[in-house]
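I've put the structures underneath this note.
The same chain A turns up in both complexes below, where it pairs with chain B and then with chain C.
Right, the complex of A and B next:
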């Protein structure tokens, strides 16, 4: 078995299994802690608050927009860019079609893929530069924040190198990094990709029950 | 012997429910919350970043309770244990520089309720005996007199007599079957007793009956501020039992920020049951009576006024429109300040900060943002502050910044601008 076959085959299966099982374990673990039932007479709906809380925090409030512009541009650029690259890159669609899903969908044209890559890279770099230069972010950041950023950066960079499909070794490097990323994800702060809905939802529910839209 | 750190950590873990856990799990250390925090904005010091204030509790959770914590501990990857020295170092971040205003939740992309989590964290500090002296002193006063300022029923009775004389209206104490039982904060009773007269005038005009309990007149809940569930329960129970014994239809929470949340939302959970009466905020009551036509507005005050939004009443209490409707009716020159409404800045003294002597200098620095807001309204003559605690912080702050501005309560303003019985509505 070649190294490429190994990282795309058994190692990928293992990494994907760890990703799914550990992420589920962590999410269920958080929910299972539970919370005491609120018996105060409600002024609004907790369920509606849960949904509203999730939607509301997608949109930054105008008064803070100027002060948080770097996060706003970098954050949206990176996250949306990464989402588009992962799910609309032609090689990703082919990989998912052949290995997992058995169906495909239209991919981005090459120029759009490159443009999206540039946006995603710029966003990620902006956020990381902010992390090492802003006194607030420097104080509150830890190793996990940096490992998560660098690992994601390396996955994206190796993906760009593998784009031409010129050498198997470049594709294998990309896949190895993807496998490491998948294994690291559920044990790290990268899990915010899933935990955000719990956090926004729980505070939305708490305030929503009190008739407050925060 | 159990150490203070162990006691605090045990309480942190007990208080970390799935809500707090989801906050700790979702925070990405983006630091955006700092851009909303009054203490960070006023000082520029990164240590006042709201999420950083939670660090010891977050560490305790990630070491002892989070999913995979055992695995991480086994591999030596778990965070270090929380120490007493660290808790002491963090004390000023937990008590002095968080007024539990929740402005940071507005800006947090994860919607993390840092104010609510600070409240849970304070429970650990209180259990370990690490709460600030100023707040502990308030607790002693409450135990002796029911009031954090030591206001006795004798002192209240004297104020009632003065107000009866000033208004010519009877203020009844312990009246059975009244519509409303009103509670007050100590600073209102001692600092702004005109509010008693204002209530008398408003309720007399609206034709509703009201009373004050001789044992449960105090609304301030120091237990909530300091993080003591047992004390918070004791204070709520006193009000609830008195109201139920008097058979009132509703208890009115005064123009005091945290008191409303303490009795309206925390109270039933602390007591483990619902009440036999309703809890309403005085602003809600006045607004409703006005809309029912029972409190017709008269000649408006022509001074240029603005409104301060007390965090616990507006951002965390949901009463956003009511004070504005009342002010529009009472003032012909009402102008909003910058950031008015949900995103308004705290006075700087909420969440027990005003009772914490250690925080005095920082509180005054934080008030500089409020000064900027007030200076941003040209020709301002008065500011309406519908919270007694905010009001005294305003008076101290305006004095410190040498500003000459009248500070008014909302109920008093509405009472002063009521239509005379034969006057046409203004």
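Right, the complex of A and C next:
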């Protein structure tokens, strides 16, 4: 078995299993913690607050928009860009089709893929540079934040290096980093990709129940 | 790149294939021409080739003229001049800086740090700077591999290994190219204010920036910093335009623009890399206290008085030469 077959085969299966099971385990764990029962009479709907809390966080409030512009542009650029790359890159669709799903969908043309990659890379670099440049961000960031950022960056960079599809070693490097990323994800702050709606919803539900208009 | 090299080396040799978008030119050709040797001599053939119209990108010239000679001239310039000598420029700069450091040592803050700081760069300016720095390093490394890998890497680590690195570098370089354009615009917007040349810069030039002793006055940016800024902007525009032409070759209708673009792109980029090494030297080990401005956004007051006295007076309203007074003193 070649190294490429190993990282795309058994190691990928293992990494994907760890990713799914550990992420579920953490999500269920968070939900099972529950919260202290609020015995005050409700002045509004917690469920509506949960939804509104999630939606409202997508747009910054006026006074914060300018101050957090780098975060805002970088955050949206990176996350949306990465989503599009993962699910609409032609090689990713082929991989998902052949190994997991058994069906495919239209892929981005090459120029759009390159443009999206540029946006996603710009966003990620902006976010990390902000993390080390802003005194407050620097103070509250720890090893996990930096490892998560760099691991994601390396996954993207190795994928970009392998774009020509001319060398198995480049594809194998990319897939090895993807496997490591999948295993690391559920045990790190990368989990915010799944938990963000819970934390936003929690705040929204609390305010919603108190009748505060979000 | 190091990580990539570590993984790539063991399996590079047995895993090479044509690029995914490669075209097999033999497809559809069943029989060769009946008169394969032709009726004219080699000399005549090459004379016809050289008479080709240089405006034609491909072999579509009339009267059997299918080749241009500018390609050969371009190849000679690229192989015999650019690849042979240009790569030495950053090495020479590093050597000169090493000698300068050994002789002169780091420029210390006269009187040491005061312990008081003043803000110099906003968060967004620092992010713009480091964003450009990151993209510049990625493009610089990948660009040097593309340009010099054949003469620097291949002889020592092998053609296969160089092939893997070059393929990766080419993809990375093409992808980060557009990001550089964005970084350049952002950098320009954030730093253009204060970077226009002024009369006070003449004194800086006459005193050689104070690198060999003596005090030089300057505002927020001195002549060296302003020159570096404009080099980045103008050089950046040059390598952006030439890079875009190379990325999208159909934008031009003359192959000579493509040839010129590769030459100018290499000259501009290696030139910027060489000067960037000097910029990094002064910003880190060459001058005490400089790095603080881009890491923390603040600089020590004594550093500001020494290197940017006019700017210090402008932002604090205090004299840069007056002795420090203690306002809280009883």
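Here, the second predicted complex is superposed on the first by the 213 of 214 C-alpha atoms of A that agree within 3 Å, B and C clash if a C-alpha of one lies under 4 Å from a C-alpha of the other, contacts with A are read in each partner's own complex, and residues count from 1 in each chain.
The rule we apply is simple: a contact is a pair of C-beta atoms (placed from the backbone, for glycine too) under 8 Å apart; a residue touches a chain by one contact, two chains touch by 3 or more.
Everything quoted here is computed from the prediction, not taken from an experiment.
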item	value
Joint occupancy of chain A by chain B and chain C, clash or fit	fit
Once both complexes are placed on the shared chain, angle at chain A toward chain B and chain C, C-alpha, multiple of 10 degrees	110
Which of chain B and chain C A:135 touches, first, second, both or neither	both
Chain B versus chain C as contact partner of A:49, first or second or both or neither	neither
Chain B versus chain C as contact partner of A:176, first or second or both or neither	second
Touched partner set for A:25, first chain B, second chain C, both or neither	first
If touched residues of chain A are counted for chain B and for chain C, the larger one	B
First, second, both or neither for A:208, with chain B first and chain C second	neither
Partner chain in contact with A:34 - chain B first, chain C second, else both or neither	first
Which superposed partner A:126 touches (first chain B, second chain C, both, neither)	second
Touching partner for A:115 - first (chain B), second (chain C), both, neither	second
Per-pair minimum CA distance [chain C against chain B, superposed on A] in Å	11
Chain B and chain C contact sites that coincide on chain A, given as residue numbers	134-135
Complex interface listing, chain A residues touching chain C	2-4, 69-70, 114-115, 117-118, 121-122, 125-126, 129-130, 132-135, 154, 157-158, 160-170, 172-173, 176
Chain A partner contacts - residues on chain B that touch it in the complex	16-19, 21-23, 25-32, 34-36, 40, 46-47, 49, 51-52, 65-68, 72, 102, 105-113, 116, 264-269, 272-274, 315-318, 339, 342-343
Of chain A, residues touching chain B in the complex	22, 25-26, 28-36, 38-41, 43, 53-54, 56-57, 60-61, 63-64, 67-68, 71, 75, 131, 134-142, 145, 187, 189, 191-192, 195-196, 198-204, 206-207, 210-212, 214
Touching residues on chain C, where the partner in the complex is chain A	3-4, 7-12, 15-20, 123-124, 126-127, 130-131, 134-135, 163-164, 167-172, 174-176, 178-179, 182-183, 295-297
